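Mind looking over this structure? Questions follow.
Each chain gets a letter, A, B, C and D, in the order it is written, and its residues are counted from 1.
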């Protein structure tokens, strides 16, 4: 399917409060740009992200979902990101099976000091999702007329 | 691509990693034979001064013994830089460290093939 | 439905230059429940806050959304403002339209659209916010200091002076640390033991300080104000209460071949030993791996000679459990192993030594009784070469990328002391840079050059070659002269890089304190909170945080003590109300939440439940809100959906998702 | 155990001893060296330039041939070992070299550095074992004081070659001890002999070799042992100490030297 250049994807980024949200703040204060398509939701820890939230996002029309947390070993709650990693591995493979391509989902570790990494990650993720085009597999038909 | 860029490209070395400690020159067995010393090589590349390197005999005196590469605390790999300069002289400027005419005068009975092979590779295109 | 007010900040031009704030206000008023919306140049200012106050009063708001900078910046400000005006602070949400929007986007239309969506998500969330009450937890008024070097001693003394009890845990048989191994200190050249010993004695005799020497921290649980720590007191095999410290046992011990750790292995000690004469406590320990009695059952000489009857071969390790309000890490450093630096021939020649070994050689209590001698043949060296930056500033796989900071100064000290005491000995220093920032530091280095004639050569050493005659041929470079140098030396001293004590990783893991790639503990903020760990209640003192010299260490130790005192002075701490909560009706008591909880905050109780008229006893999960830190791991693990996180509930996050994807 | 064997150009001519004894000793020690058909000269020096793909191809061919035979690749000459191992490292780690070399070679299955490159000494140390070797010695070289000369090519850069400690190697010393002789440790055993410079500047390499031999002599070495024909040639020019190939001493100790002659 040829992708319309002007099409703007909807991207939800879950960021943990301690590392990645602060990393996104640093990207902001360093004026490192990334597409406005990315909207960040703050969670206390990457392990707070219920797979249900991600399914809901795709159901409501998100084209990509990314989860950012502290680097392994650096979790503020010591082990939360390990739980997140395990859950997401399972969820993403299921989503892939359902037809939500693996390029639409990602887990990335971004520390509070990695503003550059945050913006680079978002740029590459948006580019990837943009290349895949709109995600229609899980669209909630009840919501659209 | 200018010459300095070519040297960086061929060698894959980032000379900016150098902190000018001089350990390469302290380790170099050819130090006294070189007019531009190993640590200076790095500086010349940083300063875009390939002309001086082109007139130097240092490129032909490096033995590729890798002592500088082994001991460099910043992983600069000066030996690779010197070798890249040598290749640049050979490739772009047609310089050679050896002429066909001199070869017969240099041979002797015991000389291993390995020596000729290595020398040709280092001195010729 | 909530009555929500939306406040859009211009942040001067920081937001307003890229986001059409008027448009955001206009869009906000179309959101359900929004009864008030306005914009203002600086919402965080006194005037901005009074506008919020006025709106709360006039429009009877019960929910606030502030579209401004990051909540990490001003969330607390706006929550306080709400509270002052009779609104629960947790009914405030921040839409981050500065760091996450105006600062990174250039196109006004795009940025405005995104800001509106972020506002919408915050409004959707605030509809579901519940008023939360912060709880309190008690503070145990005792501190633990891990490490009994100068950093730990100073921190403990300062805390103790303020009237709080402190325990020092030191893994060696005596406190004192690295400083006790030093001979003289720069830049004043006063004797290290002379200034340290009184402090050690002060610490030992202070009524508020308890020493646990020959002990290690085994387990840490709890959180700020309420840590529970298991301390392993290793078996000393000597009764501390009976021993008089007479030292006869050490004289009589027949096993004298163990390497003396205190003297960096340059000579030997007996199996029963105190590390050094001024040791505190002055009670020996028995090294079970060297003791003949322990290994073969025969001997027992120390026991026979001990008049106090203090020897006890049957002693076992003991675990002591204590509670603390704060923990200070002061684990210090060691020099790096030099196995990977074969070119300096450290393993090949006894006369190539590290600077710390030279400290011991120069010290009157050291292996050569303070005489400067070659360890190979006992001769006095006539030519000494110092090599700087051995393993420091090495970004390769062999060394450490950082500057060890103390080497330039101690080398100048060594060079000066040698030239002073042995004027006919020549001293050469190979250096990359001489780094001497510090009060009277550069003057000190210049004295070494100008008054003592120490020969400083800018350049590194490539190889140290031991010669058949026992001398060392040093091949280096003089970068200023552009010459390779071959120098015959009798002794070579390596300014070896320092690294954090190897136990620090284990300790940091126990404390959930973060650690950097070089194993230095990370500070909460590199500039503004340099003595605190990001983990609340854990503080940093000395080299465990980064290389530093004695005055800096003492200064930091004092700073850490002040932070500890500030914490212990409080009777209770306010706890984060965003904790997990279990729905009694849904919980089936499966225990999965407790398995993933890193704080042990979840327990189970049997309770009579009225489930839609059915009354029965059920096992259900209960969250201890004082222990819960609000990570949310349990909420996702819970198979029945009973567990939810206050402030970040399932419904709240889904509302945000819906608002963004709408 | 059978290995693919890469003798190299010099072992066919001036350094026949190095080759012949390597083969006959392998038989005694119970491993086989199967010479690769159609091997090409490694080039003597490793092409340091990032873009010198052509000069790496002979090594890639040999490495791939060993892979197709399902064998590790053994070299005896230090230079061959050095070049093969470094090219193999490029084929494992450098995507650019990988793709360009494979584009050129058009192999049925691309070569990605799968072959393990071993020096004969490594086989002795890690497969045969020096203790085992000691048991097979029939003419121990008792009383001989031998200085090991490593040179550059076996050791550096250690990040790629990982042959032994680059500054304080021990493998040749352990080998000498296994043969019943006494190894002499001297500091210049890993210093350069001058390498190919001897073609144009004999004096330079001579002075370097002189320093090496003097140092060994100072520590009472009676002779030197090496694995490199060029090192041997250069050290012989100095002439202060006799120089042997390590395989020569091995053959002597195992009692196969006389039989072969």
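We take it that a residue touches a chain if its C-beta (ideal position, glycine included) is under 8 Å from a C-beta of that chain, and two chains touch if they have at least 3 such contacts.
Fair warning: this is a prediction, and the values are worked out from it, not measured in the lab.
Comparing mean CA positions across the assembly, the chain most remote from subunit A is D. By count of C-beta pairs in contact, B-D exceeds the other of the chain pairs B-D and C-D.
Separating the CA-averaged centres of subunit B and subunit D is a span of 24 Å. Between subunit A and subunit D, the centres computed from C-alpha atoms are 53 Å apart. Averaging C-alpha coordinates per chain places the centre of subunit C 49 Å away from that of subunit D. Among all residues of subunit D, those that touch two or more other chains are 166-167.
Within subunit C, residues 343, 463 each touch two or more of the remaining chains. With touch defined as above, residues shared between interfaces to two or more other chains in subunit B number as follows: 67.
Contact between chains, using the touch rule, shows up for A-C, B-C, B-D, C-D. If you check the complex, the residues on subunit C that touch subunit D are 341-343, 345, 347-348, 397, 463-468, 473. Contacts from subunit B toward subunit C in the complex involve residues 17, 19-23, 25-28, 31-32, 37, 39-40, 67, 71-75.
On the side of subunit C, the complex with subunit B involves touching residues 343, 389, 393-396, 398-399, 432, 458-463, 475-477, 479, 482, 484. Contact residues of subunit A toward subunit C in the complex are 10, 12, 18, 21-22, 24-25, 27-29, 31-34, 36, 39-45, 47-53, 56-57, 60-62, 74, 76-80, 83, 87, 119.
Interface residues of subunit D, counted against subunit C in their complex, comprise 159, 165-168, 185, 187-188, 215, 218-219.
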